[in-house]
Amino acid sequence: MQQIVNGISLGSIYALIALGYTMVYGIIKLINFAHGDIYMIGAYTGFAVVTYTNLGFFPALIIAMIACSALGVVTEKVAYKPLRSASRIAVLITAIGVSLLMEYVMMFFVTADVRSYPDVLSNASFEIGGVIIKMQQIYILITTVLLMVFLQYIVHRTKVGKAMRAVSIDRDAAELMGIKVDQTISYTFAIGSALAGAAGVLVGIYYNSINPLMGIMPGLKAFVAAVLGGIGSIPGAMIGGMSIGVIENMVSGYGGSLIKDAVVFAILIIVLLVKPSGILGKNTREKV
Amino acid sequence: MKKLFTRNALITLILMAVSFVVVEVLIQANIITAYYQITLATICINIIMAVSLNLVTGFTGQFSLGHAGFMSIGAYTCGIITVANPTVGGFLTGIVMGAVLAALAGIIIGIPTLRLKGDYLAIATLGFAEIIRIIVQTLDITGGAAGLNGVPKFTNWPWFWFFTVLTIILVNNFIHSSHGRACIAIREDEIAAEAMGINTTKYKVMAFAVGAFFAGIGGALYASTFFFLKPATFGFLKSIDYLVIVVLGGMGSITGSVVAGIFLAVVNTVLAEFTAVRMIIYAALLVVVMIFRPQGLMGSKEITFKLLQKKPQSNKQE
Amino acid sequence: MPILTVNKLTKSFGGLTAVSNVNLQIEKGELVGLIGPNGAGKTTLFNLLTGVYEPTTGDIILETEGRSRKIQGKKPYDITKEGLARTFQNIRLFKDLTVMDNVRIAMHQNIKYMMPSAFLHGIKYHSEEERLVREAEELLNIFNLTDKKQELAKNLPYGEQRHLEIARALATRPELLLLDEPAAGMNPNETAELTKTIAWIREKFGLTILLIEHDMSLVMKICERIYVLDYGMMIANGTPEEIRKNKRVIEAYLGEDVN
């Protein structure tokens, strides 16, 4: 039980990151490797805000989200947009490049040292039936759920959301119907990056330590979560994120903390081989 | 009757021989000091790794982000064997075993994953390389996370030269054979290749295994040069290092990989003290090259000796 | 002897039945046309015959090299090895490779040296590669492409790309050749030229040919028999004369000129 509780809070963070992957993949068919680093930058922004301004948790969260969403949009405009018509591999390599660039530019400015977050949320914890639940875990879960409800609202109830869904189904047709494709892609990056920024702040608080390379592993795992849930599917990202979080905690709970990452990657490979469309995804095939 | 060597091949061979002699003389004269011999080693390993990755990614079109995984198999195999048997014989056994085991891993990993395409394949190979790294980290024989210490050094310039030249010649021969063309056809159009009777799965796995084989050699040389192995060395970033070389040099250009391999090793040495700066340059190069020249600096062209040649070189039967 | 027999072949994609209960028989040496309105399932049928898709139900029996066997569910490359080659409606050449390489790649399945020779370039390698070049040049000659053997396939004019696709298919040494709209995008002169070439290669290589074509002048002129597909069903089969008069065919084309 304890593992499940811990798994859910970790999983909600994966889910937040996975959403960005899934939205971006859905719309431009790109595994945005830099997404994990946006999350890292979100963590640093939150850190800077709470450390140097004495603002509380929520202002830090909002500022980090805004900063990340701006960064996400700029990245897309500068690095990915010129490659709209290039091969997917070229764009993927670019994404890897952008990812490295963010990591090492950060390393250059803030050094590779691990920083720890000041306590901005209550450290209290309580026990229900032998399971310890921290207040922080509750905050994480609440924040995640709120953000997801908000996201569902945007995607299904607003014009921007409708445009996003249209572009992800058929970009050319959407363009012919008068949808501004570039603008829609920007919105997608903005929203996805904001969620990653939020995840960064939450992780910083929860694990209390951040460093410039912290985005690599959670980024990859969130991608695994997105694939597991069905890439392109928002509820899929949530299910995938939670599952990965819980599985990872179960594995380390039963003495396998050394191999927990290997298990996650094994899941990825099995999903890709058995049902590449994931739990909630759709099948597509090439036309001959 | 055909000639045994085309003029281009002959010039290449002469160049290779000259490079050997010149570097050997420079080492004897102590102009290439022990410090710069590390750069020399890095150059050779870069070339071996990049040329073999180019076979998989550049020529066969299968995007792999796990090349360092195969390298680690070669490195640890050679490391363990030479620690147990610190002789030249042990060293050679280590290289051969390392290469063979890496190739085997390539086959085992390739058969299931090469059904995937493009970015999905990339992420699956990345996953496998991470799994290899984690396995190495948990085993006793590899020294676990602490690493394998005290691998005896047998590598020197003649060995490096030999294995680098061997890799270049064999891979180059392969892509200029019917089997190699089958691989290139897969990159160009997989469905058409199948319709032309090419067993695409077989040739993808074959390219993957051959690539892994040479990556195993690269890893073995690494082990013997750098004395100390730890699992973290062969992570995702190491795979990216070699991908950068292939992309910079040009996907499908062996000479491109050679030139880019040398260039980046030199950059590495110059910026050895400034890891962050070096990585920023790497990353920026990657992005800029992709935006302005997505096919890499050389594209799929080879650097040839046009001036000395009368006919185009792609037809070997002139 | 029939070289190809198709029994009750059906292919569904989800709820959509693209090919429904199709029967078809082609005798050795015949030149047969497959026509039908857009979306009738012609290319899907080709994809079933060549193993790109697996049929939902039904049999495909190929009799080449004196053997008869079912080929449904086999991989495309295995089917090609059995002597069935094809071209593609939306030209699928190896665009960034030379004309020569395009043809040589299709000859790969008949190559007689193994991996070690591929790495070491031994004696066998040299003799085989020479043979390949010689045979490829012979094929290119038929289509007047010899002069362009070092050009990249993508730089050829459209009509020549179609020719190269046929040359490449021939390089696999087929007994049965499937041509998917070989004259698409050609002008009347080019089409007339192609018509002659098809008749000629059929003689020269002893081929059986099944072709999809929208250009009725070509189909009516060279095909001995024609099958008509509409909404996935085979609605008619007969000589060009019979097809021209067939009520159902005229209906299917709904005023399209069958003459």
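Letters A, B and C mark the chains as written, and numbering starts fresh at 1 in each.
One rule holds in what follows: contacts are C-beta pairs under 8 Å (C-beta built on N, C-alpha and C of every residue); 3 or more make two chains touch, one makes a residue touch a chain.
On a predicted model such as this, the values are computed, not experimentally measured, just so you know.
In this view the innermost chain, defined by its CA centroid being closest to the centroid of all protein CA atoms, is B.
Farthest from chain C in terms of Cα centroid separation is A. Centre-to-centre separation of chain B and chain C, using mean CA positions: 40 Å.
Distance between chain centres (mean CA atoms), chain A to chain B: 33 Å. Each chain gets one centre point, the mean of its Cα atoms, and the points for chain A and chain C are 48 Å apart.
Counting partner chains per residue, chain A shows two or more touched chains at residues 288.
Multi-chain contact residues of chain C, defined as those touching 2 or more other chains: 52, 88.
Chain B has residues 191 in contact with two or more other chains. Residue ranges on chain C touching chain B, taken from their complex, read 50-52, 75-78, 80-81, 85-86, 88, 92-98, 100-101, 104-109, 111, 113, 115, 117-121, 125-126, 128-130, 132-133, 149-150, 168-169, 171-172. Per the touch definition, chain A reaches chain B in the complex via residues 29-31, 79, 82-83, 86-94, 96-101, 103-105, 107-108, 112, 216, 220, 223-224, 227, 258-259, 261-262, 265-266, 268-269, 272-273, 276, 286, 288. Residue ranges of chain B in contact with chain A, taken from their complex: 63, 112-113, 115-116, 118-120, 122-124, 126-128, 130-131, 134-135, 137-138, 191, 236, 240, 243, 247, 275-277, 279-280, 282-287, 290-291, 294.
Looking at the complex, you find that chain B touches chain C at residues 2, 170, 173-174, 176-182, 184-185, 188-189, 191-200, 206, 300, 312, 314-317.
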